[in-house]
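Naming follows writing order (A, B and C), and every chain is counted from residue 1.
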Amino acid sequence: MSNHPFPTLDRRGFLGLTAGLSVAALAGCGTGAPAPAAGAPRAGGRLRAAFAGGGAKEVLDPHLANLFLEAARSKALYDKLADFGDDVAPRPRLAEKWEPSADLTRWRITLRAAEFHDGRPVRAQDVLASYARILDPKRAFRAKASLGLIDLPNSRAIDDRTIEFALKRPYVEFPNVLASFSAYIIPESTEDFTNPVGSGPFAFVSFQPGKSTVLKRNPRYWEGAAHLDELEFVIANEESARVNALLGGQVDYAHDLAPVTARGHQGSDKLMLVRSPNSGIQAFAMKVDRPPFDNRDLREAMFLLADRQQLVDTTLSGAGQVANDLFGKGYQHYADDIPQRVRDLDRAKWLVKKAGAEGLKVKLDTSEAASGFVEAASVFADQAREAGIEIEVAVGNKDTFWADTLKNGSLSSFRSGAMPIESHFSQRLLSKSTTNVTKWARPEFDALYDKAVSTADDAARGAVYRDMQRTLHAEGGYLIWGFADWIIGTSPKVGGVATAPANTLDWARFDKVWLA
Amino acid sequence: MKAVLRYGIGGLLVAVPLLLAVAGPLFVPDALTRGAAFGDTGPLGTDFIGRDVWHQVLLGGRTVVLVAMLATVLSYLVGVPIALLAAMTRRRWVDEVLMRPLDVLLAVPSLLVLILLASIAPRGVLTLVLIVALVNVPDVARIARAAALEIASRPALEAMRLQGETWWRTAVGYVGRSMLRTLVADLGIRLTAALYLVASASFLGVGVPPDASDWAVMVDRNQTGLFLAPEAVMAPALLIIALSVGVNLVFDRALRDRGRAWL
Amino acid sequence: MTLGHYALRRLLLGVVQVAAVATLVYLLVAALPGDAAVALAGDNPDPERIEQIRVAMGLDRPVWERFAEWLWGLTHGDFGVSIVSGRPVADFLADGLEPTLLLAGLTMLMLVPVSVLLGVASARREGGWLDRVVTTTAVGLHAIPEFTLAIVLIALFGVQLAWLPPTAVGTDGDLLAEPAVLVLPLIVLLARPICSISRLVRAAMIDAAASDYARHARRLGLSARRVRYAHALPNAVAPAVQQMARTTDWLLGGVVVVEAVFVIPGLGTILVDAVAGRDLPVIQGLAVLFAVTTVLVNLVADVVAFRLAPRAVT
């Protein structure tokens, strides 16, 4: 992925896709292996972290969080009931435990003893109020769709630390909802976020939109106080600026570095690289409801003509792994028993011929909405030409790219951040999914999904998810070619930075980080 | 001999990039190879998506030269006549009608014009030429008008008017020629500025595809690898610099020779 | 016509000009594909949610109605609020204006003497070694895209030698608190205009020295030095003043690239963000601000040019 800056423009990525879902990790277990070097944890100091920002329009309202920066800041200030671990399975956070009823339609959540920064306890009422705010029909918060299956009027606080959620249908993956992106718990009836109060490991000090945010340690954090005294988020939209600020000692942590930068500084003593594998899912999306990709043979030909290793080597500069047309490698329920697809140009040509698509001309919609898109598109076009398919790369407007490609065209660039495989299915691959780019709509697939989410037994459910992945691997619309590493740079004196996929609990998590 | 040599440096600086731009594409194989990004393959290594930098250098001059030249010429073709008309007219309203709309355009930062138009208009060389020209026209017109006014106020012009010379002869014959030095000094710079606007467009991610074979785009896109493969940035940057410096030296030289002939 | 009358008339025209720019920019932005709701939804383009955001932002009302409302507010000095964040547009402008003004002011402060000096010096002997060295260096610098120059300077002085801070990160826009952060951005900002202005001064000086009145003055027995500095120079600077006005304008209009590379949160950054977010009121506020500064800067330039060479401006 290139990195070029501009900031503004493309490279500040919206958080990965996704709306919703998400989250969690077991307290304190800090899964990812900390970077070496900085010795044993030590208390004290102010850590400066550079992120790409959202300009002056940034907000502190955690329910409006959209950018990586806002997600990282929300995580420092607030908690969710659950969050995702490195395998993108939910782990309890503010929720100490969850217990479904036998029919999976009622969930009893027990809150742990935690308090907001102003000393008030986190109560069941705060949780219900936070969710009610997100679900307000007059507003458009990002987590609304994910929380949509909660039957709020029939949900209730049993006591201050116990909530019973009623669901509109049986749903075994309800903890994924609790971990939804931006489903943070705020004190009841908060609407003013100029001086935000949360229950997170850091408390608010100051905020200048588009410039910086300063937070200080919350000594009474339920999971143990952070090592750092203070945490400051600063904005540097350009990747090169983040690297330079890091090299110049102006910041201690630089989020989201380019693979090329990482290569250039590999082994350097000025900067440590922390790579989180399986973070960025790179793909091309074929729409299966319209020509030419309504033809299954042609889709298979596309799968086979892709030279995944070349795509990874060129556009990811080697910082990633090839993918197998399946979402979420390394995540819970990933079908790793399906053999890796390799390039087979002869068979691809044969399939193209069989599909009657020799000399086919097709437009590939791309844009600079994400770094590396256009580059990957042009590499892929060269590969397709070898199989007799003429791909015309059409570079569209980056600000409206996602909405445009949801409706129009037949082939487009695609990228996703981490989310549970179940969420990937429900948001993108069901007949009623709202962001179904590939237009994959099959009653039998929907039925499998319904069966999975109402199967309480983990192994049995996993088997259904694997079946669904087998179908997608054979004839789905996503040509998923690679998993990009997420790269973070830190100064050598920073310790405790985990290698977790972006959007998961341990990513951009600063309460376990220390300055040597 | 010395004169030849002097002219030669400017000439050489112009000739190399021009030659590469015009003839370069002929020497590029049809099937381009692709390797790892910023690798060692090829005489100048590979670029940010693993293409041979040397091939990109051969391919990348055409749009640079084309866009910069066309846009500059176009902005002069439009701007200078407007300026002459405005400066030479005796009717104030003509001046106003010609210059005020340009002032409006001038008051929109070129950056905003670039971002907005590039997002609205179809991508392509022609769009870029038009945008760059549009951004330049008000400037050219203002500078030309200022120069023309200064000349028009000279006694010599008053004398020509009194002698009943035609407007055309005074305006184009005398004023136009006298403005030449200021215009040419400006033109050399403007040519460079046009090149550079293309690079900025690439930096901002508008107007040009990020993988376009274009020297200005190469400079922009390959700088992530500045420390891995400096050639990928330096080769196109040096060509652009050579072209700009060369054009300015040649113009200066030509003016000086001409100036001597006039005096 | 007196200078006062002239200035007044220009100011009135300026108001019309600002209104024209505001309308033009509004139309162009309205013509951009997508709106703030689509831009905000980003990679989660759930059509239902986009529609809700649209309603929440008031984007479901007709374009002309919102424009009229904004225009009406403007006549009262109200720039409106950002549709994306709800913060007053005036706050955005004030935030960005400070670093932008500082950079522009300092740049001009150094640019004018240096470029005039270089122009005059190289005009003394056209084609001489000084002339050629100045020309080559200036044009060469001019031909380097500013981000390339910036990256190289940062790599060398900011990172390798560590003499200067590589970026302004962490100054929160208060650049004077740590003046060292200004050095590299100023060098980059100066590199290009020094070339264009010194070249114009040089050309005009050569012209002026060869002109009838200069010859006349010399015939009258004035010293060459006096002719050059007291008579030729003011006339020669007049055309360059236009270019200086343009440079000022460029500096105030947001030097996005320099802001981005050095992490200076000025107007250019706000503009690019606002366009990407389709935040119409903010773009409009910036357009008005830019138009006003352009009108003022050009007015000042014309008045200065009028002073320098009274006949040149009518």
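Here is the rule we use: a contact is a pair of C-beta atoms (placed from the backbone, for glycine too) under 8 Å apart; a residue touches a chain by one contact, two chains touch by 3 or more.
Per UniProt, the chains are A = Peptide/nickel transport system substrate-binding protein; B, C = Peptide/nickel transport system permease protein.
Here the structure is a predicted model, which means the values were calculated and not measured.
Asks: Work through the pairs of chains, note which ones touch, and then classify the graph as line, ring, star, complete or other.
Replies: complete
Asks: If you tally contacting C-beta pairs, which comes out ahead, A-B or A-C? Let me know.
Replies: A-C
Asks: Taking CA centroids for every chain, report which one is farthest away from chain C.
Replies: Looking at centroid distances, A is the chain farthest away.
Asks: At what distance in angstrom does the C-alpha mean of chain C lie from that of chain B?
Replies: That pair's centroid distance is 20 Å.
Asks: Mind checking the centre-to-centre distance between chain A and chain C? Centres are C-alpha means, answer in whole Å.
Replies: Taking the average C-alpha coordinate of chain A and of chain C, the gap between them is 40 Å.
Asks: Between chain A and chain B, what distance separates the C-alpha centroids? Give it in angstrom.
Replies: Distance between chain centres, rounded to whole Å: 45 Å.
Asks: Show the residues in chain C shared as contacts by 2 or more other chains, in ascending order.
Replies: Answer for chain C, listing residues that touch two or more other chains: 32-33, 151, 155, 272.
Asks: Using the touch definition from the top, which residues of chain A touch two or more other chains?
Replies: 5-6, 9, 240, 397-399
Asks: At which residue positions does chain B touch at least two other chains?
Replies: 119, 203-204, 220, 223, 227, in rising order.
Asks: Spell out the residues on chain B that touch chain A in their complex, using ranges where they run on.
Replies: The touching residues are 32, 34-38, 48-50, 119, 123, 203-205, 209-211, 220-221, 223-225, 227-228.
Asks: Considering the complex alone, what residue numbers of chain B touch chain C?
Replies: Spelled out, the residues of chain B in touch with chain C are 100, 103-104, 106-112, 115-117, 119-120, 139, 142-143, 146-147, 149-150, 153-156, 178, 181-182, 184-186, 188-189, 192-193, 195-196, 199-200, 203-204, 216, 219-220, 223, 226-227, 233, 237, 240-241, 243-245, 248-249, 252-253, 256, 259, 263.
Asks: Would you tell me which residues of chain C are touching chain A in their complex?
Replies: That would be residues 32-34, 38-50, 52-53, 56, 82, 84-85, 87, 91-92, 95-96, 151, 154-155, 158-159, 162, 165-167, 169-170, 172-173, 260-263, 265, 269-270, 272-274, 276-279, 282 of chain C.
Asks: Taking the touch rule as given, give the residues of chain C at its contact with chain B in the complex, in rising order.
Replies: Counting only chain C, the residues touching chain B are 13, 17-18, 20-21, 24-25, 28-29, 31-33, 126-127, 131-132, 135-136, 139-140, 142-148, 151-152, 155, 192, 195-196, 199-200, 202-204, 206-207, 210-213, 235, 238-239, 241-243, 246, 249-250, 253-254, 256-257, 268, 271-272, 275, 283, 286-287, 290-291, 294-295, 298, 305, 309, 311-314.
Asks: Note which residues of chain A are touching chain C in the complex, please.
Replies: Counting only chain A, the residues touching chain C are 5-9, 13-20, 48, 50, 54-59, 66, 138-140, 142, 144-145, 208-212, 232, 234-238, 240-241, 244-245, 247-248, 250-251, 369-370, 397-400, 402-404, 406, 415-416, 434-435.
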